[in-house]
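In the two assemblies presented below, chain A is common to both, partnered first by chain B and then by chain C.
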Partner chain A sequence: MALPAILTNAKPAAATWRALGLLAILLIVLFVFSGRVSMVQVMDNARQAAPLGLIALGQALILLMGRLDLSVGATAGLANVVLAASFAGNMDNMATALAITVFFGLLVGLANGILVVVLRIPAFLATLATSLVIAGAILVYTGGSPGGSIPAGFRVITEGWLFGILPWSVVIWTACSLILLVFVHYSLKGRKMLLSGANARAAQRNGIAADRMVIFSFVLASFMATLGGILLSSITGMASIGIADTYTVDSIAAAVIGGALFSGGVFLPAGVAAGSLILFFLQSLLYVLSLPPAARFVLQGSIIVIALALSNFKKDR
Partner chain B sequence: MFEGSLRSNLLTSLPALALSALLIILTAYMSPNFLSDSNLTNLSSRLLPIGLVALGEAMVLFAGRIDLSVGAIMSLATAIMALTSASLGWLAIPLALGAGLVCGVVTACGVNFLRINPLVMSLATAAIVKGVTMLLLPSPGGEVDYAFYDMLFGAERLLSAPLIMSLIAFIVIAVVMNWTRLGRSIYAFGSDPRAAFANGISSLKIDLVVFGMSGMLAAAAGIVLSIRILSGDPLIGESYTLDAVSAAILGGVALQGGRGNAIGVFFAALALVLINNTFNLLDIDTSFQNIAKGLIFILALVLFMRGKAEEH
Partner chain C sequence: MASLKPANHSPTLIAVSGLSKSFGRNIVLQDVSFSLGRGEVLALVGENGAGKSTLMNILSGNLSHDAGDIRLKDATYKPSSPADAARNGVAIAHQETAVMPDLTVAENVFFGREPRNALGMIRQRQLHSDFTQLAASLGFDLDGRKLGRHLSAAERQLVEIAGAISAKPDILILDEPTASLSSEAAHSVIRLMEQLKAQGTSIIFISHRMGEIMEAADRVVVLKDGALTLAAARGEFSEDDLIHAMVGRKLENIFPARPARENAPVRFSVRGGTNENLPEIGFAVRRGEVLGIAGLEGQGQKPLADALCGMAPFRSGTIELDGEALKLKSPAAAIAAGIASIPDDRKHDGLALSLPIRLNMSLFAITERAKGGFLPLAYERDFVEGARERFSIRSTDMEQPVGELSGGNQQKVVFARWLAHEPKLLVLYEPTKGVDVQSKSEIYHLVDELSQKGVSVILISSDLMELIGLSDRILALYEGRITGEIARSEFSEEKIMRYAAGLPGKRQAEGMEAAHV
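Now for the complex of A and B:
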C-alpha cells in the first residue's frame, strides 16, 4: 500500500476523537475531585481495565461484522476456571495450562461461528445458547466449587510493571490493539473483513468468502475473550464461577462508546480502548462515591442508550 | 373464518403441538407419577410463568422486534411483590404490573425515538432494570403473603387456577392478534414496516403496545413466580429470557416478524415445561439441565429457522 494511503487510514476517526475527548474530560473531573494528579494512579486503573479492554476488542470485531456476541463473558469465565484448574498453582504447568485454556477458547469461537454461518442461527441467539452451555459445563465440571490457583510467577503479567512505569497488562493490551488495528486496516484479509462487515452481499459478489470471515471473526473474538479471562485470572489469582458475567454487557458498552456501529463495517481499536477506560473509570467513580454495586448495572444500560442515541443522532444529520 | 394468512399462521403451531403431544406420551409412559394430581398441578403452576413471559415475547416478535429484558423485568416484579405485598396487600400486584409496563415503554421509546436496535435497547433496559432490582432487593428474600399462594396454587387438581389463567391469557391474545384491527396491524407491521406505514399504521403505537404488553406479561410472570416461591429473588428471572425466546421460536414465530401464532407458543411453552419436568422426574442434575436446555434451544433454532434467514 502506498504511504499516503497508509497515512489517510491512520488518521483517527471522528468517533475515536470523541471517545478520547470524553476520556480526557473524565480524567480531569477525577483529578479535580480527588485533588491528586498522578500518572501511576491512571496506569494502575488501566492495569485493572485491561481484561475489559481485551474482551471489548473481541466484541468490536464481532460488531465489525454486523453481529453481536453474547458469550464473551462466559468465555472469559471459562478461561478463568480452566486456567486455574490446569495451572494448579504450579509454574511448571504454564505451557500446558495456557495451551488448554486457549484451545477451549478457540473451540467456543468455532462453535459460535458454525452455529451462525453453517446453521444460519442469528448470532445473538446462538451466542446466548453457547453461553448457557458454557455456564452449565462449568458447573458440571467444577461441581460448584472451582479449584486450582494461578502461581505468583505468572501473576507478574498483571501485577508487574515494565521499568516501574508501565504495567505489563497495559503493554499486552496496547500490543493487541495495535496488532488488530494493523491486521484489520492494512492486511488483505482484514480489508476483506471490513468489506464483508460493511456489506456482506457486495463482498460476496466481489468474490470474498464473507461467511468464512464471520467464522474467523468469532474465533478471533473468543480468543480475545480468553486472553481477557487469562488477565482477569492473573488479577484475582484464583477461579470463581461467574466472575466475568458482567463483561458481556460491559464489552458492548465499551465498544459502543468507542464508536462501534451495529450496522457493521467499523473497527476502531483506539476508540474501544478509550471506551473501556471510560467505563472502568465511571465504575470506580461509583465505588469512590460508595454507591451500591447494583448502580453499575444502571450505568451500563444508560451508557449504551446514550452512546447509541448520540451516534444515531449524528447519522440522521 | 380460517382463510389466507390466518390459516398459514395457525399451521405454524402444528410442530409445537406435535412435540408437546409426543412429550406427554413419552413422559407418561416413562414415569407413572406423571399423571398424578400433584404432578399435573405442579406442571400447570410452572406453565403459567413461562407461558406468560413467552406470550409477551411472541407479541414483540410478531411485530419484528425482540425483547431481551423480560427476564430482568420478572426479577423486578418478584422484588416488588416481596417488598410491598405485606404492606400494600393486593395493591402490590398492579404496582408490579405498572413497573413492567414502564420498563416496556422505556424500551419502546428507545427503539422508536432514539432508533436504537431493539436487541441492544432491550439489553440496555435489562441492565438498568437489573440494577434497580438489586438496589431494591440485593439478595433473595422478603416475603409474599401466603394468602396469595393459597388463592393461586391451593387446589390440587388438573383444572387448577394457573392452568385456567394460562388458557385465558393465550386465548385472549390469540383472539386479539387474529380478529382485531390492532392485532392485524401488529402482524402487518412485522411483515413489512414500510408498507404498514404507508397504510397509516403508526410505528410508535405498535412499539408501545408490543413492548408494553411484553413488559406487563413479564411482570405478571414474575408475580406468579414470587407467589410460588413466597419471596423475591433479584436474579431468578435471568434464565427465563432464553426460555421465552425459545418458546416463541419453537411455537413457529418467525424472528423476522409477521408470522406465528399464540396457540403455537402455548404448546411450545408446554413442551418446555414438560422437558424440565422430565429432567426432574428422571432426577437429572440442574447443571446438566442448563447444558441440555442450551442444546435444545440450538436444535429448535436449527429446525425452525433454517433457510428463513435467507428469505430475508
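Now for the complex of A and C:
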C-alpha cells in the first residue's frame, strides 16, 4: 500500500517470480552437478541467449495481444541472410545493411498485421503462411547457398564485452527489455495495448483502436525478431539457411515459461528473460550431464509443464 | 394460487404437481402445478427470470427437479437426459440461434439421428428423402441442401421446429419460437403449431406476444418469480389477466425521489435512424431527463444501444446533440461527442476481467491527463481511490483483477470509468443485470445524481420496476420501432406491457388503467 504509484505499476507478477525461481533452481542444479558455476560462465550463456531473448520479447508482445506469431524464426533467418548479403563482409556497408535488414523485418510484420486484421485470418495461420513464404523466398533468392558475411568489426556486438564483465549483447537485450517494459506499462499507447490484449471487444467499445494495436504489435514483434536475427548473424558471422527455425517454438516456450498467457493481457519482460535463460541453461545442463542433445526437447517440454502447473496450482487455491 | 380446472375435452397427457427447483439458496421454481391434455397447446408466460426456462429444461431432461411429481401418460416421468426425454416422447425446439451454420437444412433437422451406413457414415440420399417426406408432411417449402448460414431467422426457426418434430414427439416444447421473427413469419410458426395440434401433438410454447397467446393457446400457465400466478383454460383469461399475473408486484424503496422535469431543452435527438437491424427509430431526450425504453426481449434494444455508442452505427437519419448534427461512426466518435454507454454484457463488452480494477477504471481519466504519451500514475491512483470510496467498491485493493469482484462491484467499475469527465448523454443498457439490490440502489442514485446535473440518460431495460422507478418518460420498443410513449403520470406496468407486446391500439382503455394505478 505504501508503494509509490510508479512502482505499483511495475510490480513483478507472481509469474515473474516463478520464472526467476525456476531459473535459480536450474542454476543450483547446474552448480551441484558441475561443481562450478562462474559469473563469466553465466554471462557467456546470457550472451548466447540474447538472440532468443529478443525474439521471445517480440513473441511476448504478440501473446499480450492474445495472438501467436509463427513467423518470428523465419523473420530472424531472413534478417541473417539479408544482413550478410548486404554487408558483404565490408564494414563500410553497415548503415545500408542495417537499414535494408530492418526494412525487410518491418515489411514482414506489416504483412502479418494486415493478414490478421484486414483479412481476418487467424494469427497462427497467417504467420505460418508468411513464414513459409519467407523460407521459400530465401531459397529462391539464394539458390540454397546464401552469400556474404558479417565483418569482424560489427561482430563486437556479440563477441565483445563491456569492461570485460558484461557482453554487449546482454546490454542490448537488457535495454530492449527495459524499453518495452516502460512502453507497455508506462505509456498511454502501451496501456491501450494491454486493455485491448485482455479484451479487444471491450477496448473497441471504449474507443480504443484495437485493430491498429494488433498491427502495431506484429510490426514490433517482427522488429524484435530482426534484431534477434542480427545478433545471431553476429554470433555466426555468416549467412545460413534456416538458422533460426527453432526460435519460433523456443520463443513461445520462453514467453510462456515467463508468464505469458495465450488469452492475452500479460506482458512480463523479466519473466521472458528468465524463460529465455532457462532454455539456454537447460542446454548447459545437458552437456554437464552428458545427455544426448535430443533430451533437450524432453526437458524443455517438462519445464513448460512445470511452469504452467505452478501457475494453475496457485490459481486453484 | 389459481388452479387449473380439469380438462373436459381431452384426456390428460402430462400432469405436473408441486414442482420445485432451487440453485443453491436461489429458488427458481416453487410448487408449480398444471396439466396438459393430448392435442392441446399450452402457453408458458412470464417475465425474464420468472422460471420458464427452468421448467422447460426440467421437462426436456436438461435439469432435474428437487421436489414434486410429473406424470406422463399415467407413469412417473423424471428424464435423466434430453435423450431420455425423447425416448418418452418429449422433444424440444430451441431458439433459432441453435441452428448450425455449416450444416445443411436436412443435416440440421436430423442432427444426431441421421441415417447411417455400416461404416457409420451419413447416408446422404436417405437423409434427403427423409427430409423431403417430413417437409411435405409439414407443408414447408425449404431446400434441404441449403446451408444453415444462408437461412433467414424464420427459416432457422422452422428448421429447429422440424428437428424436434422429426422425433415424432407426443409433447413438443417450443422455446420462444417467435421471439426473433417478424409478425408475418411468426404467423407461419403459429399455423404450423395448429397443424401439429390437429395431428394430436401436444405443444408447450413460450411466448411474450399477447396476440399469439390469445390466438393459439388452449391453456396458459403464468410464472412470476418461480411461482405459478395463473393457470387457466381458453375463455377463462384475458390479456389483462395475463399481464397482471406477469407483473403484479410492488415497487421497493430503492429508487431516488425524482422531481419532474418537463420544460428542459432537448439535448439529444435521433430522427429516422435506420440500419440493418433497426427499421426506423426516432426520439428526443431533454437535458437532465431519464428516458426509459421498454420492450420485450429482442425488439431492437441491442441494435439501438449499439447504434448510440457507435459500435453498429445508424446508416441513415439525423442525430443531434445540443443542436449540433452528429455522426456516431465509431465508439471513439461517440465518446468524443460526450456520449457514455454502459453495455448490457459487462464481462464481454465492458471489462478486461483479468486486469486490475485500476486499469479497468482509469482509461478515460488517464487519456486526458497523459503527458508526452506517458501515464499520469499518481493522478491515476488518486482518481481510482476516489472512485473506489465514492462507489464503495468492495475489493482487497485496486490491483485486484476485476473478474474476482461481484457483479454489482464490477458494474460500479464500469460506471466509475465515465466519471473522469461528465458525459452529456449516458446510455444505459440493462444497467443492473446480475447486480445485487444494494448495488442496484447505489447505481440508481448515481444515475439520478447525474441527471440532476443535466446529464441526459437513455435507460434501455427489460426491468419494469427499474423503468418506472427511474424514468421521467417511457417509450415502448416493438420490432425495432417506437410504438408508444407514456408520460410519468401515466406509468403502469400493465400499460408498458401492453405497448411492449405490440398492442398500441387500445387508446380508450388507457384512461381506466391509469386511474386504477
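Note that the second predicted complex is superposed on the first by the 283 of 317 C-alpha atoms of A that agree within 3 Å, B and C clash if a C-alpha of one lies under 4 Å from a C-alpha of the other, contacts with A are read in each partner's own complex, and residues count from 1 in each chain.
As a convention for this text, a contact is a pair of C-beta atoms (placed from the backbone, for glycine too) under 8 Å apart; a residue touches a chain by one contact, two chains touch by 3 or more.
Treat the numbers as computed from the prediction; the structure is a model and nothing was measured.
**Q** Which partner chains sit in contact with A:Q204 here, chain B, chain C, both or neither? Use first/second/both/neither.
**A** A:Q204 contacts chain C only, not chain B.
**Q** Look at the residues of chain A and decide whether chain B or chain C touches more of them.
**A** For chain A, the partner with the higher number of touched residues is B.
**Q** Contact-wise, after the overlay, does A:L286 reach chain B, chain C, both or neither (first, second, both, neither)?
**A** neither
**Q** For A:L194, select first, second, both or neither according to whether it touches chain B, chain C, the two together, or no partner.
**A** second
**Q** For A:Y186 in the superposed arrangement: first (chain B), second (chain C), both or neither?
**A** second
**Q** Please indicate which partner A:V42 is in contact with in the superposed arrangement: first for chain B, second for chain C, both, or neither.
**A** Neither: A:V42 stays clear of chain B and chain C.
**Q** Just to be sure I read the superposition right, which of the two partners does A:L110 touch: chain B = first, chain C = second, or both, or neither?
**A** In the superposed model, A:L110 contacts neither chain B nor chain C.
**Q** I'd like to check the shared interface: which positions of chain A are touched by both chain B and chain C across the two complexes?
**A** none
**Q** State the interface residues of chain A toward chain B in the complex, per the touch definition above.
**A** Its residues touching chain B are 68, 115, 119-122, 124-126, 128-133, 135-137, 139-140, 144, 249, 252, 256, 262, 292-302, 304-305, 308-309, 312, 316.
**Q** Applying the document's contact rule, which stretches of chain A touch chain C when the two form their complex?
**A** Of all residues in chain A, those touching chain C are 1, 4-6, 8-9, 11, 186-189, 191, 194-195, 198-199, 201-209, 261, 263, 265-266.
**Q** Over in the complex, which chain B residues touch chain A? Could you list them?
**A** Those residues of chain B that touch chain A are 68, 110, 114-117, 119-121, 123-135, 138, 239, 242, 245, 255, 285-295, 297-298, 301-302, 305-307, 309-310.
**Q** Which residues of chain C touch chain A in their complex?
**A** Touch residues, chain C against chain A: 309, 311, 330-332, 334-336, 341, 343, 348-355, 359-360, 363-364, 366-367, 370, 373-375, 377-378, 380-381, 397, 399, 417.
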